Amino acid sequence: MKISILIHCPDKAGIISAVTGFIQSYGGNVIYLDQHVDKEANVFFMRLESDFEQSRFNLINFKSEFENTLAKPYLMEWSIDTDEKKGKMALFVSKYNHCLYDLLSRFKSGELNVEIPFILSNHNDLRDIAEQFNIPFYHIPISKETRKEAEQEQLQLLKDNHVDFIVLARYMQIVSSTVISKFPNKIINIHHSFLPAFAGAKPYHAAFERGVKIIGATSHYVTKELDAGPIIEQDVTTVSHSHSIRDFIAKGRDLEKIVLSRAVKLHLQGKTMVYNNKTVIFS
Amino acid sequence: MKISILIHCPDKAGIISAVTGFIQSYGGNVIYLDQHVDKEANVFFMRLESDFEQSRFNLINFKSEFENTLAKPYLMEWSIDTDEKKGKMALFVSKYNHCLYDLLSRFKSGELNVEIPFILSNHNDLRDIAEQFNIPFYHIPISKETRKEAEQEQLQLLKDNHVDFIVLARYMQIVSSTVISKFPNKIINIHHSFLPAFAGAKPYHAAFERGVKIIGATSHYVTKELDAGPIIEQDVTTVSHSHSIRDFIAKGRDLEKIVLSRAVKLHLQGKTMVYNNKTVIFS
Amino acid sequence: MKISILIHCPDKAGIISAVTGFIQSYGGNVIYLDQHVDKEANVFFMRLESDFEQSRFNLINFKSEFENTLAKPYLMEWSIDTDEKKGKMALFVSKYNHCLYDLLSRFKSGELNVEIPFILSNHNDLRDIAEQFNIPFYHIPISKETRKEAEQEQLQLLKDNHVDFIVLARYMQIVSSTVISKFPNKIINIHHSFLPAFAGAKPYHAAFERGVKIIGATSHYVTKELDAGPIIEQDVTTVSHSHSIRDFIAKGRDLEKIVLSRAVKLHLQGKTMVYNNKTVIFS
Amino acid sequence: MKISILIHCPDKAGIISAVTGFIQSYGGNVIYLDQHVDKEANVFFMRLESDFEQSRFNLINFKSEFENTLAKPYLMEWSIDTDEKKGKMALFVSKYNHCLYDLLSRFKSGELNVEIPFILSNHNDLRDIAEQFNIPFYHIPISKETRKEAEQEQLQLLKDNHVDFIVLARYMQIVSSTVISKFPNKIINIHHSFLPAFAGAKPYHAAFERGVKIIGATSHYVTKELDAGPIIEQDVTTVSHSHSIRDFIAKGRDLEKIVLSRAVKLHLQGKTMVYNNKTVIFS
């Protein structure tokens, strides 16, 4: 039986020894360990995987003793995952199809260990693609008048489908603060600039206007402050004076696809941890 | 005899034909041509190089007819360079030595076709390096009280040495607006972030704080607005949660060196043109 | 009316002037010009676009006078394209679906100005995807015994569908020399290494074995020598000791997709020219 | 007191627990741990750092018990470093100065925690630079006739100066197999291509000839087979048809400098481990 443990706590002497010794005492074999200390914030982070002989291992005892022996004295926040159950990922889109196509192609190829219960959009444009990949599509238009109702519909859909996390695959709407608070560090957005440069609307236009020689894309967890959540992944590509805004947009599409898909994979693998509005990305 | 011509003017039909035809009529042979149209601003840019038979070519006539036949009707701003005279580059530094070492090593290796009449600093720390490379070093401290005097000393030095352009190789002072106005698009700065992100002081600290996964460096012409001048060159490198601010600074040093040296080379080769606070970089 | 002209010829004085002057004499307005001289091989390359007033422009006369006045004396090889007719692109695949999905998504999004008359495979695995995108799929298995017949079937399909060029989107078979000779510089392959390193089979395994810190992908025109044709586009990504061969393959997939799609776009836009087994890529 | 431990051994259950438990039993506090398992070769690698209370810690006992309790049963190869003693690095150069300037500038800036007892060259060209930085310079010319003697002189110099490792900063000679065998995984070379492409002489010429779109540099440990030793670090930059061989060389210089200096730093920090002609690079 393989379990993986995620921990963060105030940094202190002996945490690694204590945790690996504890696992050893249960007959476990640590097969992977990655740790990090944020010296500014004095916080210790660790992810480890361990094998146990199924017959002799009792997870409930393990967890309760872990809580008492380690978590309490070291003030740990922790989680233990025991299997590779598939997460349920909802996709929110608007009119751009490149990120949607990219995620669905990867999903169809078996690259993403996930279920996609539905695709939700404030427009009807991408319904065809949902049908092409046999995934339920919900069209929930949003206007000033219907905003509250739309939010309720979204929340109901998310609940009915037991959604674990949401991916905004170029969803051109602001997610309501109620949805955000129900999915803390569980909503992944792709922004089409190297944040913090060019937050907000029309970043390619702003980048063109400024005459930058590099454009980027940033995937981050959504928080209530627009485009200011913890960054999961970024990448960039070069541009020159010879590129028009259309060229920026076309080059950017390829960045957005790849940066978003990397972030989704990291999240799915449990390799991201959020602290102080920043991420630790385990190897 | 080889001349190179730089032009920008409102875009219009027939400019390339007109210019190359004109050169042909003087017996010239165009050996390189790079042009660009900024369709947003409706501006045409061109750089070309042409060979002429020395014996039959009169530069003064050529220039005056160029002015009358082409520049006036097409409303061109233009310049013609006829030889490879070395530019005179003043270096302004403070306490960091990496960009200075890099530029001086390239200079000493013959990589930069330039003269360096002097190095100027508001501190004395880097005098040794100037001496190591046999270049005059002027220490002009700057305080609130001496700011005006210091500016005068700077201007005098620049004038006495017939300086063509200034490179701020991590000069940790704001250049006075008088100096800027005397050297429009002739002062090259290196800023240690991918502008427009993290303009101003301590960009690595700000980048660390924000939790970015990419840091950068930007070389730009200095204008009166801080860190907002036309960008010549940018580059980036990846960072992760495991990097401290010290690591950011160390990784950044290598970026700063290379981005600044690329910008200096482009400037020296006459391959940069500024328009609307942006650069056109010719190939 | 807009035409674009591609030229290569021995380098000589005055070619740019001669061509732009000729266009001017027909009332044309050169709106884009990119030229290059390979000084080792002494060859001149140029791509230009020009506008003409439709009413006064006779293409047949233009071409015939171009041939007599310019092409013959300068020994030019040249082509003139007058419209944006869509090319016909055949896709050859085997079992991997990532490049196919990527190209079809781009096609469906209108990113590629092309027709796809059919997808051909030596396996049946990807038929579903062809159907999902409503494109005819032909399964032509290849064995030692059927190789000749299969080649005939391929040639017939290519001919019947007036195919302009072929993209090998991870086609795991060697294309027959007859097909290659009928499509010179018209077959685009994606090889999963930074050529010339790791040509041939299983490049990710070889890269892993060698312990490289960077892996790559290369798109090139197919010639009779395996993996040795003119390179159109390359890109790389970093790897480390912590990556397994599976990780190399997964990271590589994203490279392959993007490198192949960039090469296909350059080919479609007529921006590639082949000389001495190398490409000139116009801007 | 801080010690760092490097280990590799056949992979087996419980190594991490055993080692961290052992350290704990000595009152140690593990402050950093990075491990890796090469699943192909079934080898376990680990680097860790631990703090001990100086007063209660006996290094000799620790080492001997480590050997008996851990190293023997687990068949470990291991080393323990207890302080930050400076390594002694000899520099071998020929005529190119860019890597030499770069390393000496970093050395002078305090970036490299190292002593440089001497610079050795088969030419006299770079003596000035050695003098500029006050480092002894030995000119040992090499010809067919003097090869044996030169080797003896080299060995004597290396011995007299207690050299720990050698950096070939564009040393254009083959290092003798005797020197190599006395410095196993202790000679760092910079090769000006992305190995294994373009091993051997004149890689930029070969890259130009092949028409690649990317060039690279590779730093590796020297083994008896030319350019085939374990790769420490690689990086690349883009090129195009418009670049001449001279341009390749100029762009390559910047790559060589940075790749070599990164490799030297990793070696100095004890973050490299060699196995099966590959490196593990610890974070």
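As written, the chain order gives the labels A, B, C and D, with residue 1 at the start of each chain.
To be clear about the criterion, a contact is a pair of C-beta atoms (placed from the backbone, for glycine too) under 8 Å apart; a residue touches a chain by one contact, two chains touch by 3 or more.
Just so it is clear, the structure is predicted and the values come from calculations on it, not from any experiment.
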item	value
Topological distance between subunit B and subunit C, in contact steps	1
Most widely separated chain from subunit C, with each centre as the mean of CA atoms	D
Between subunit D and subunit B, distance of the C-alpha-averaged centres to the nearest whole Å	37
Centroid spacing, where centroids are CA-atom means, of subunit C and subunit D in whole angstrom	42
Sequence positions of subunit C contacting 2 or more other chains	242, 283
Complex contacts: residues of subunit C adjacent to subunit A	97-98, 101-102, 105, 108-109, 111, 132-133, 242, 250, 254, 258, 261, 283
Footprint of subunit A on subunit D - complex, ascending	13-14, 16-18, 20-21, 23-24, 28-35, 37, 51, 283
Interfacial residue positions of subunit A with respect to subunit B in the complex	36, 38-40, 45, 194-198, 208, 210-214, 216, 230-236, 240-242, 244-245, 276-281
